[in-house]
Amino acid sequence: MTFVDLGFARVDTDRKRRRGFPEVIYCEGKTPEDVAAIAATIFEQDGVVLGTRAGKEHFEEVARVLPQAKYHTRARCITLEKNPVPKNEGMIGVLCAGTSDLPVAEEAVVTLEIFGNRVEKIFDVGVAGIHRLIAERDRLEACNVLVVVAGMEGALPSAVAGLVSKPIIAVPTSIGYGASFGGLAALLGMLNSCGSGVTVVNIDNGFGAAYAAATINRLLQPKTKDADSIAKTVEP
Amino acid sequence: MTFVDLGFARVDTDRKRRRGFPEVIYCEGKTPEDVAAIAATIFEQDGVVLGTRAGKEHFEEVARVLPQAKYHTRARCITLEKNPVPKNEGMIGVLCAGTSDLPVAEEAVVTLEIFGNRVEKIFDVGVAGIHRLIAERDRLEACNVLVVVAGMEGALPSAVAGLVSKPIIAVPTSIGYGASFGGLAALLGMLNSCGSGVTVVNIDNGFGAAYAAATINRLLQPKTKDADSIAKTVEP
Amino acid sequence: MTFVDLGFARVDTDRKRRRGFPEVIYCEGKTPEDVAAIAATIFEQDGVVLGTRAGKEHFEEVARVLPQAKYHTRARCITLEKNPVPKNEGMIGVLCAGTSDLPVAEEAVVTLEIFGNRVEKIFDVGVAGIHRLIAERDRLEACNVLVVVAGMEGALPSAVAGLVSKPIIAVPTSIGYGASFGGLAALLGMLNSCGSGVTVVNIDNGFGAAYAAATINRLLQPKTKDADSIAKTVEP
Amino acid sequence: MTFVDLGFARVDTDRKRRRGFPEVIYCEGKTPEDVAAIAATIFEQDGVVLGTRAGKEHFEEVARVLPQAKYHTRARCITLEKNPVPKNEGMIGVLCAGTSDLPVAEEAVVTLEIFGNRVEKIFDVGVAGIHRLIAERDRLEACNVLVVVAGMEGALPSAVAGLVSKPIIAVPTSIGYGASFGGLAALLGMLNSCGSGVTVVNIDNGFGAAYAAATINRLLQPKTKDADSIAKTVEP
Amino acid sequence: MTFVDLGFARVDTDRKRRRGFPEVIYCEGKTPEDVAAIAATIFEQDGVVLGTRAGKEHFEEVARVLPQAKYHTRARCITLEKNPVPKNEGMIGVLCAGTSDLPVAEEAVVTLEIFGNRVEKIFDVGVAGIHRLIAERDRLEACNVLVVVAGMEGALPSAVAGLVSKPIIAVPTSIGYGASFGGLAALLGMLNSCGSGVTVVNIDNGFGAAYAAATINRLLQPKTKDADSIAKTVEP
Amino acid sequence: MTFVDLGFARVDTDRKRRRGFPEVIYCEGKTPEDVAAIAATIFEQDGVVLGTRAGKEHFEEVARVLPQAKYHTRARCITLEKNPVPKNEGMIGVLCAGTSDLPVAEEAVVTLEIFGNRVEKIFDVGVAGIHRLIAERDRLEACNVLVVVAGMEGALPSAVAGLVSKPIIAVPTSIGYGASFGGLAALLGMLNSCGSGVTVVNIDNGFGAAYAAATINRLLQPKTKDADSIAKTVEP
Amino acid sequence: MTFVDLGFARVDTDRKRRRGFPEVIYCEGKTPEDVAAIAATIFEQDGVVLGTRAGKEHFEEVARVLPQAKYHTRARCITLEKNPVPKNEGMIGVLCAGTSDLPVAEEAVVTLEIFGNRVEKIFDVGVAGIHRLIAERDRLEACNVLVVVAGMEGALPSAVAGLVSKPIIAVPTSIGYGASFGGLAALLGMLNSCGSGVTVVNIDNGFGAAYAAATINRLLQPKTKDADSIAKTVEP
Amino acid sequence: MTFVDLGFARVDTDRKRRRGFPEVIYCEGKTPEDVAAIAATIFEQDGVVLGTRAGKEHFEEVARVLPQAKYHTRARCITLEKNPVPKNEGMIGVLCAGTSDLPVAEEAVVTLEIFGNRVEKIFDVGVAGIHRLIAERDRLEACNVLVVVAGMEGALPSAVAGLVSKPIIAVPTSIGYGASFGGLAALLGMLNSCGSGVTVVNIDNGFGAAYAAATINRLLQPKTKDADSIAKTVEP
């Protein structure tokens, strides 16, 4: 049997074997009770839980059932690991333009770490003070992949693309005055980036960017490691 | 009598006296015959003509009536001066991100010059190669006002705002791949610029940016010059 | 060292020296604790604090740490000055169309004043009663720059542009019935203004308009004043 | 029999009896042959034809069949009357902001006249020169209804509403720079007009505005006239 | 003196003399205290108050100052009259498609009545049961003007236009499932109505439709009545 | 008499006779008291009530008046039947992509069942694990019609259309990260489905999809059953 | 082998066996040579060809290769049948609001007929003259399914849904004045239809509506007919 | 000197040394003469030219100057290499949903090849026939990166993400019926993909996707190869 039927959901308990990481729980729009039931099922099977877009009320219900669960307030994530995953080689950089973008950047960080990656955090380096970014050039170039988070006009990925030659995954955030239209301005800015090598994920989707970055980073792991176990470690 | 009635239009022949510059002809949506008739009326009265958004067909009809008229192909402008206006003090910088933005940048240049301003052209300095922009820092800081033209994600004004402390008038252009949506991406990017001191005009509106820049530059002219004559020189 | 690392933010403590005004805190999306910590760092360094988009909860936390901080309820701003900045020469006019636009207009006023400018307030002069605006013509023409705030169809800047020849910075507000679409109607109206010399900032961005206006006004300060100190006074 | 079946269309030949005016032909998207066949059927029955959005190719085919048909180039309308309709009492004002709006204004004029109304044309009175509009105040107040045509930011109806107390039907046009988005800016501006008493029709829909104005004007015709014949005269 | 300066607002106390009705208070975005102060000023001068978009909190503050003020819960309006206005001749019909549209329809009714008009309410006649509408044909035709309120696809005005020959002012509402996009669907539907004679106001703007209808109805009042007093009665 | 006039609503008590099912109450935007009064009127007449988009507060008021009423929390529906309707032949499948789509899917289920249909629920079969969907192929093909509910990119209907040849009614939901724009992404995705035979209803409109599916299923009922009673059973 | 590889395309020559109808060629964006090569491959295999969105240039190239091919000018379709398909039982109604909607309606008709269905055409029955539609009630009710095509406000499906109880597939068209925004107004109108039982396909997608209608009609074919051959006849 | 000044453009002749590939020419909006002049300058310096979005008229002018230049009609690209670049290890897969998406897919292929990559073309595998895609699973999994091109609802990347665990770069195309809105539907679909690991580039931007894919592939090249020369080979 490859799934557990909870009535309202089919938890894919075979996923970790096939894909290396159990199902991730997108909490928004689910009741706390549903989230807790799914989390318990996944944890029993796989020993690792990641819940994104989790409110305090989701966490409290999960913690009632799984008391060791941890809540990342800024990132709005719930995590729980029976045994920490051994870390991959290489760094993934997570940049953000301003402190208001922190929740999205932190969602990316939490996701990357629980997927077994080392993270280099380079926060608060918006283009208004371009020298701060230029000063970080070496740390940027030392990463395998860069997740670049920015709201408002979303110009940071273009600037980063002008400085380094690594793959850049841009995450627009919904931060900004009226005509940001909930992140549309940053999204369009990033899609139209004149900086080559930039690809884009959904608004505020730190998780999605982290997932894509982890997928690229996995390609770079040494062949001497057991291929199967790598798969188990990285890929959700 | 402060206007000439052509039946289909009332040419405001009093405007140059009141505002320093005759009516500017927005040619789009007008027939070549209408444009030529308006141009002739203005020229007879004021000795200066500026037509924007002019197609070849507009120019040909104007040139039939006013053979000295000049056509600026890239800028799509028609100009004609009986006697060249004496130039204002100070420079106005016109920047553009890429060569595809040239028509809009040139519309700004043509407008600024016929309004009596000196123009510093700094073209092809997009953020993909930020060092090219940084190298121009001194020329930028030497201008009184900067008109910054960019398509795609429209990030150039933010980068310029990070480098210099002059007023910046940003002009989004309709250049770009699909999701630029006719310049919407650049427009939103500029409106959401994290670089302070940036204000924005309509998509592809090189004329409007030039007009606003000229209005600011006029404030800076020495008081020793006859105030009235300045008004006549600069303001349309 | 040119910044203080608070873990979640890099406060640019060198900014006042370089640009004349310390970093401004955009409070929306930041926790009250983050805002208070940044404010304290800036105040210790520079003696001046401006927080925009600040809720009551932000102010209360700031006031716990910096008890002299002042909250501008309508403007939703926090300010604090060790020693008041000496005022620049010349006036900057701030106009608004209706009383519902007051919060945005007041944000512009608070920003302008703490940047060292004198402000002429001309409120509640919407185009529905155009004679009220015409009656203020002399006060308008006496200003160096005009910040014009309006919601709904955003027609006020066009009307002002028809009356005076000063630079106009238009601020659309999100005030209006359904099809204002959160200020989009006013924004598009202002971008398409037939009145020349109008430039536009983001919806409800009274701060941005004030910043741009202050940048223009600084150009007009007498050369006899110490250039450096002007820079310190005006530019954020 | 109340209609003629042409295979591809059912011409409502009973309409003039019921509503006072035969069916109007919206030519866009129809072949010239279809338009000509419908026009001939209507003319035979009712003696009056109005085709809107007609291209040159539509007119030429109609003129082959109905040689007296007249083409209004600017308005892009085809008209043909066996016997001119006697005119209603009272004037309907048609205003437009600029000469680029003329095609839409002329469509309104052509429609109003063939529906039996007297028209007062007040063209080229945009808000950039508000004094030109104010000078026309008496002619405006003398009309029963006003059709106000404007592109760009569409501010003219608000200004007119501030001056006179007559019903105003606003027509946005698709004239303008990029961010007019095909007339969307003017449409939203007019829908959000702070001037009371303004109602709006579709972009470039001079015909629709004229129809609505004629419907209002008909209410005002003296009761001594035969009610039935009024119906025949005015209402399409 | 033609206005009272409250510091935050200029109450146009001359308006009733000029236009027949005092200033209407748009309460949204104003504090309860501001609304109460404006209401008191207007009431003292003119004896009539209309506040639209008023929340319970606005009303309670107004009622503290003006205890006879009345709150219309559905319409979200505050009214107060020293002496009831004598009613105009003729009826104005107010239709709505469903009971969810009632708040907007009632705003129109309250406005029309305090402007001195008789109102015929024809509610809950959506096109899903077209026979209910057809059954009301005579009552519809007996009105001078029709205000037609509908959400969802906004098809009711088209259906009404097919039945009667009176001016129709369409009001889209924000009622509907997701893709109504806050009333955009109904707004576009009405602007594109194939039924001639339909004009449109802003989403949920029952007040604006009522104002326009009252303006038309005023044209129809007998000349034997004192023109001046009519103006005072109808026009806001 | 074919309706009961409640003052604020006309309850169409003749509807069940004509169409087989009484009026359905769309609760959003109605007060609890209005909903309860309408429900009581319908129940007295027809013995069956369905209220959609009902909040807890609507249910509580209805339950005060009709204590046997049942509230479906996920579906946000109120139902009440005097005597259960006999079920139609054939199954209607209701699929959803993820557990966050459950509220919309359940609204469809509740509606289908009270309209007399048997429902096959196939939940949590999103395209991210296409094998789960393929495994259900036989159950899918055994249904007469399929209601397919999905948020995010809305790709599930395309995948289903590639597997089976039954009519598919797609329901986009408002579930998703920022650029789902309240369900717009899923809506456009479904409208552009490359899978033939897919038609679409409004965002989150589980009720509408169920209604359309029931209408199709009714066509398939055996002719030996009394046609009239079928009509009564199925069609609202 | 289940497909033929043309290098640039894989023609699914197994489709007719599996689904009853060969692949349909969507011609837009393909070169005439590509279309002709695909058409020839399909025709050789299956003896039936349908090309939609075909320009004259596509047809001419196809006709060079397959001289019996037929071009439907209005519908912009290419068809070719070796042996005509026997017709299914029952009628499918195709309605359109105006003659400008004919191309889309005809695309539906051509598709339905070549899929083996009988079609009842009911054209030019827009809601502006609702009596014309009511007069067709019996013909409408006699159909199994209705395809309803309309542009502008797209109100026709709502009106039809109020009259008959059959499944309705609504097709918005791109016909209309400016604010139809290429059919968006009609699309939103249909998605928000208050008439129950309405589902919607893409703008101008007469083919898609026909396909869905044919899928429903196939469910109704008598079981005595060979099930396999039915499948072959109807389903593409 | 690191650039050549052509007056209208600054050709970055230092780029190949710094980034491994000379500047790419985006031809749209440039005159044929400009493109030819830039191409000649780049070719002289670097021996390799890539022009995207090139019309026939651009190619003809380039070929006049550089007769060996090659035009890729479908891809609308101009290429020219003095000496072919040695190919990188590993494959990059380029998939497209339908033949109408070929121009965009081919732009990606041309770009990848001239950047030194081996390409696996898997065309015409849309989700309507999901078995065709599943059959290609091994070829897909054998690639390092996948570029997935699709129009309409853009569901292909989600389906691919469900099958393989490689990085996926999704390219929406502007192909589709009306409500694709120039590719917006596909773009939003891809941004909202429920398939993890998907990142997105601009509409029709095959070049951008290829660039990003090449950047990832470069990370995977063996360290034994000279790092510098790899940089020269791959990165533009």
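By letter and in written order, the chains are A, B, C, D, E, F, G and H; residue numbering begins at 1 in each of them.
Everything that follows uses one rule, which is that a contact is a pair of C-beta atoms (placed from the backbone, for glycine too) under 8 Å apart; a residue touches a chain by one contact, two chains touch by 3 or more.
Keep in mind the model is a prediction, meaning the values are calculated, not measured.
K.L.:
Identify the chains adjacent to both chain A and chain G in the sense defined at the top.
P.N.:
F, H
K.L.:
Farthest from chain A in C-alpha centre terms, which chain would that be?
P.N.:
D
K.L.:
Tell me which of B-C, G-H or C-D has the interface of A-F again, with more than half the contact pairs shared?
P.N.:
G-H
K.L.:
With chain centres taken as the means of their Cα atoms, state the distance from chain B to chain H in Å.
P.N.:
Distance between chain centres, rounded to whole Å: 36 Å.
K.L.:
For chain B versus chain E, what separation do you get between their C-alpha means, in angstrom?
P.N.:
Their C-alpha centroids are separated by 45 Å.
K.L.:
When the centre of a chain is set as the mean of its C-alpha atoms, what distance in Å lies between chain F and chain G?
P.N.:
27
K.L.:
Going through chain G residue by residue, note those that touch at least 2 other chains and give them in order.
P.N.:
98, 129, 176-177, 179-181, 184, 187, 191-192, 196, 202-203, 208
K.L.:
Let me make sure I understand the interfaces: which chain pairs count as touching?
P.N.:
Chain-chain contacts present: A-B, A-C, A-F, A-H, B-C, B-D, B-H, C-D, C-E, D-E, D-G, E-F, E-G, F-G, F-H, G-H.
K.L.:
Would you tell me which residues of chain D are touching chain E in their complex?
P.N.:
Residues of chain D touching chain E: 19, 144, 165-167, 169, 187, 191-192, 196-203, 208-209, 211-212, 215-216, 218-220, 231, 235-236.
K.L.:
Within their complex, state which residues of chain F touch chain A.
P.N.:
By the definition above, chain F touches chain A via 98-100, 102-103, 123-125, 129, 132, 175-181.
K.L.:
Could you pull out which chain C residues touch chain A in their complex?
P.N.:
Result: residues 3, 8-10, 12, 26, 28-30, 34, 38, 172, 174, 182-184, 187, 202-205, 208 of chain C touch chain A.
K.L.:
Once bound in the complex, which stretches of chain D touch chain C?
P.N.:
Going by the criterion above, the answer is residues 97-98, 126-130, 152-155, 158-159, 161-163, 176-177, 179-181, 184-186, 188-196.
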